[in-house]
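Here is the structure we will look at.
We just call them A, B, C and D in the order they show up, numbering each chain from 1.
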């Protein structure tokens, strides 16, 4: 049904050796400008300020997800319940799930008030995008891929494989972020996990004999969160970005001129349906206008842009580690003025190794016992059950900028 | 004080790149026959029946412990509280701590009713061994090294570094066993751990900022236990050995002749102070007499030896997984005879990710907070606290041999 | 003499585990904006178009060179002939040797007609740079570091260690580029090489017993050249850049307006002593103005910028592989017009595994025989001798752009 | 045609992640005692005296060859010219090709005067072996597998894939020996090689675009020879073995009694068709009787056995490195007596990176040019051509034993 390439394409990848593409439609999608744009958006934004080798892009992760989807198709027992069309929906969803990410995504989503998932869906459905043009050659494919990404419910098995507690996205990014940061925690045994999975009644189950590999994976993920993704210095870098974004937004709202080329940014601020402008935004775009802003006449933009450029980051206090009420009071007083909005930030992050959401079935990992009974992971594994509570960790920090 | 080699010796090692020896005494110890014997004793005995590449010897692990001790001396803050003599005690203890292991050690210790630690101490102190001769060139060194290994209390810091919840032994063997089995769990971040450690008042503390690396290490160790060290097939292989050992012991006790060359084995059975005979025992020795026993006139030895040789292992039932009372009853009936002793075995193994023994300080990991307060690991880390209970796992299996 | 940090700084690095900094001056240099700018300049430019994970920056390589210099100081026999001042000169030179690189350096050097080494020296000596301010705290340090990089002859041993046939630069980049591309060829055994090196009479010699590791290193380097650095697609990407740069240069020379913000670029074109503008140039800068040029009114800039943005690369013909004289004639005819300058390029690259330059001693690797005789590598190793001729390879390609 | 297992078996392997078995016949072969015996024969014999971690067995290599054959079937273009029967012949041949190896094979082949290939063929064809019983369930399979191993000419393509200049055997052992020794040279890019290969007219060709990966592979192999396989200390260990074997053989020929249990050894010495005795021989067997010989009344056996046990190896002189004619003369004089046979050995080893044997087509690697022309590797690659001569290296050593 789906055309194959005459000769398969391969992409060298340090994690998998090679990533193999043989469907023509996958090759065409990789060549679209929406996917190519991801070469210019780093996967881990400010994390590279701490783990300096974390310079890999969302493009390499997107190829990696696609490859992990291939590995699912080759290794998971029972996956042949998907027909070829569904397999292609799966592969396309894996490849495309991140195209909606903006540059320095965390800070960015706050300012444009949409999520990257929503933007991904828009880009897939909007007839002006190259991705849409490629998908539209096959009836219903664009809307089906969008349905998967939007958790629309039409393909629950594919949704679970693309985005759940145990999906191709997480399996690739934990491995990849560990490889590129050099952090030891993310080395998950994905092949063991894949061989533990079994599709029964269109649900992803994990054999009881493989639960240890899931326990290990959940702990890896947890440690990556606190050691890498939530690293205070990475967040301090993003505070600078948020300060700049906020200031720009305020100036734009008040119709004040900004002395830098930021038309696309303004356009997206006003209307995030402006796909052309959205596509225009990438790390280079943001780095570019921040560099221009180092000469801005606006004092705040000028200060923050220079700080960004030369890695003069926000300071921070960890409220649990350094419970210094006097210092905190002093800082709060100092920033209790119009600068507070740009120079001061209270941030909370929290994570737990595993959360069994009662609302949503997709967020529960199910275990298949030898007697064919099925249990929730936290019911089956006492370790996981205890971690659902004990591993909950909240970090509260005050970030502030000192000139 | 201690002589150095003219040119440092290096041993290529896949884990560390190179293992460097520059003290002459270490080089001399490596050349003794007690250390060289460890080349002929596999680290993981029957595990190679499941993870076929787990063929590495206790010799490579012993060099690895020595190297890990070097890394401790180079990287741990405050370690210079040890003077040069004490550092050499530490290096020698790390290198020598396993010389008392017999072949297929687990099964072996049962039959000769002593522990490998006791045997190590005997070998270090007995003036007939080459190890003793080398150590005795330095006054008190042999007895001090023996003191460390026997947990004699003279050098509590060195004891803690050589054998505790977080020591050079475990850090090497988890890494090494992971490398040689290909199991993914054991990849601990030992460099991060070493940099988290700090010696304060002659105690090993772990900085609060490094606790995540300890959490990760404890989970790795836990998973290695159940996935590798306690693997049912590895145990099934050792059941064969225990059957053979028991039968031999019974024949010897009854002064019956054994049609194989097992003088040293018999000698050690009768008197484990017979050092010469003990040194004679290694994997080759055991494999050798088992091969002879494949032609034994004793029916039981003949059967078990042939089974051993051709990997015809004991069957097993996991009582939790396959709660089949009828089958169990049937097996118990079948083996309720004089064969039971050799053909049937009830085995329990248990482990927990972390145990804070109230009795012994050495078995508690201590955390150093930023305010210089010190807490027990399980008090400090809610994750560890919960795991001390939830991770307790006992596996009960019935092993039985079917001809 | 040189101040140490109170607590050593470490940088996680996937190649070395950790990079350790304990001299305050090294820490201060890393914080300068000239070094920080290298975070925004990719090491391999267009290579990421082929090896998509080759996204690492010159910053990580600079830290890596510094670390390799540390490894030299720790492992090479005889290196203590350097006093502490000279060791610091060595470490600073290793860290700083690449700060003069512009964005997409290869194409860039052509257009501004200077080399990155010259620019590095300028940045080190110019009193306006932060690097110069840090170095100038120690008398003569700035000029001595510049002397090393300019091959000024004051410190021949340090020069040889920083830039020769076998230096810290090459040893880091081969390892690093292999790690980040996933190409298998660059895995050199640098520890073995370091242990083979010996400093005698202030010269770097390689022991005869380690020559095999040098042979292997030279072959690795050679294969990295042709498989990675000279990859035709990477070059095709740089052709686009060169087309854009040339067009911009022509417009600027003719005082025509350019509809993009390229003041710093223009300033450097006119005067490469303009340090402030030079520092302003990085990958983001170039990507930024190329994005603006996608809307340029200049047809050529508009075309090439759009092609660059969407990875519509130059085509190429390899003259040796596809000796198609008709096609070549056709192409030459087609581009025989005013577009030729921007749309057509004849490119030759060549390399040889080892070249013993008779002119310059620094480019010869010297072998130390057991009898203390010293021979040139190509005299000693028949393999290398034969490779000096047989491995010479020249690749001639015609690149051309089709709209 | 060939039965599949109900559930595929997997073997964890550090090189490939997992080795997958789904043909029942392969699983049955792995369980035979001839294959299981290889667990007790180390791949690299005396090399573990130098690279102490080189303790892996021929069993793991045999599984690895089988896996590499699987990778060939999955990745090489044109391989589907083989039908299923031929594919199974290929897989079986890869798995079984080393079953004829004796313990410490190099020294052993000299004394029993046969090659391991001949023994492999005998074991496959002899109806008493378990391997033969398994293969004989399929008509003609045993003789066809034997034909491949004996280079009988019936399946030239399979022969080339199993044993040539570029075959599954070499690709596995170079990778494996590098992994287990920690030597850096053997890391070949086998996936790149497999993708370069193409089967045309039942011949294995290598695309010109992949020749660099072959050049790199040949250099790796070459360096592994001299750095690992021919390491003088490994050979010094084997000299001891040869001395022991020779002395035993002489005693046996003269009908003198030997005071150790060596019936099987004697039986094989007299008749290498005695399959049962042959199977009995493994490393444990040899280590076992050597340990008995440490108490032998025969002075020579006693001396050599004790030396073997305690790693008191032969000394050696490298004639090229240490051209000390006086020492050599002295040694020759000293050993010019009846001990010479056991205590003195002149050894030559030589290798070349690539040899294009004019006699045998199978030993030439053929290159496929873009124009479909085919050239010999040494005609196509100037590097290889030069290495055929320049890389030839002969090492001559005198080994001698000093009590």
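Rule of thumb we're sticking to: a residue touches a chain if its C-beta (ideal position, glycine included) is under 8 Å from a C-beta of that chain, and two chains touch if they have at least 3 such contacts.
Just so it is clear, the structure is predicted and the values come from calculations on it, not from any experiment.
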- Contact tally winner between B-C and C-D is C-D
- Task: Give the label of the chain whose average Cα location is farthest from that of chain A.
- Result: D
- Taking each chain's centre as its mean C-alpha position, how far apart are chain B and chain C in Å? 49
- Query: Roughly how far is chain C from chain D, going centre to centre by Cα mean, in whole Å?
  - Reply: 43
- Do you know which chain D residues sit against two or more other chains? 17
- Touching residues on chain B, where the partner in the complex is chain D: 11-15, 17, 31, 33, 36, 39-40, 48, 51-53, 55-57, 59-60, 63, 179-183, 261, 280, 282-285, 287-289, 291-292, 309-311
- Task: Over in the complex, which chain B residues touch chain C? Could you list them?
- Result: 10, 17-18, 191, 195
- Item | Interfacial residue positions of chain C with respect to chain D in the complex | 183-185, 187-189, 192, 208, 212-213, 215-216, 219-220, 223, 226-227, 321-322, 353, 370, 382-383, 385-387, 389-393
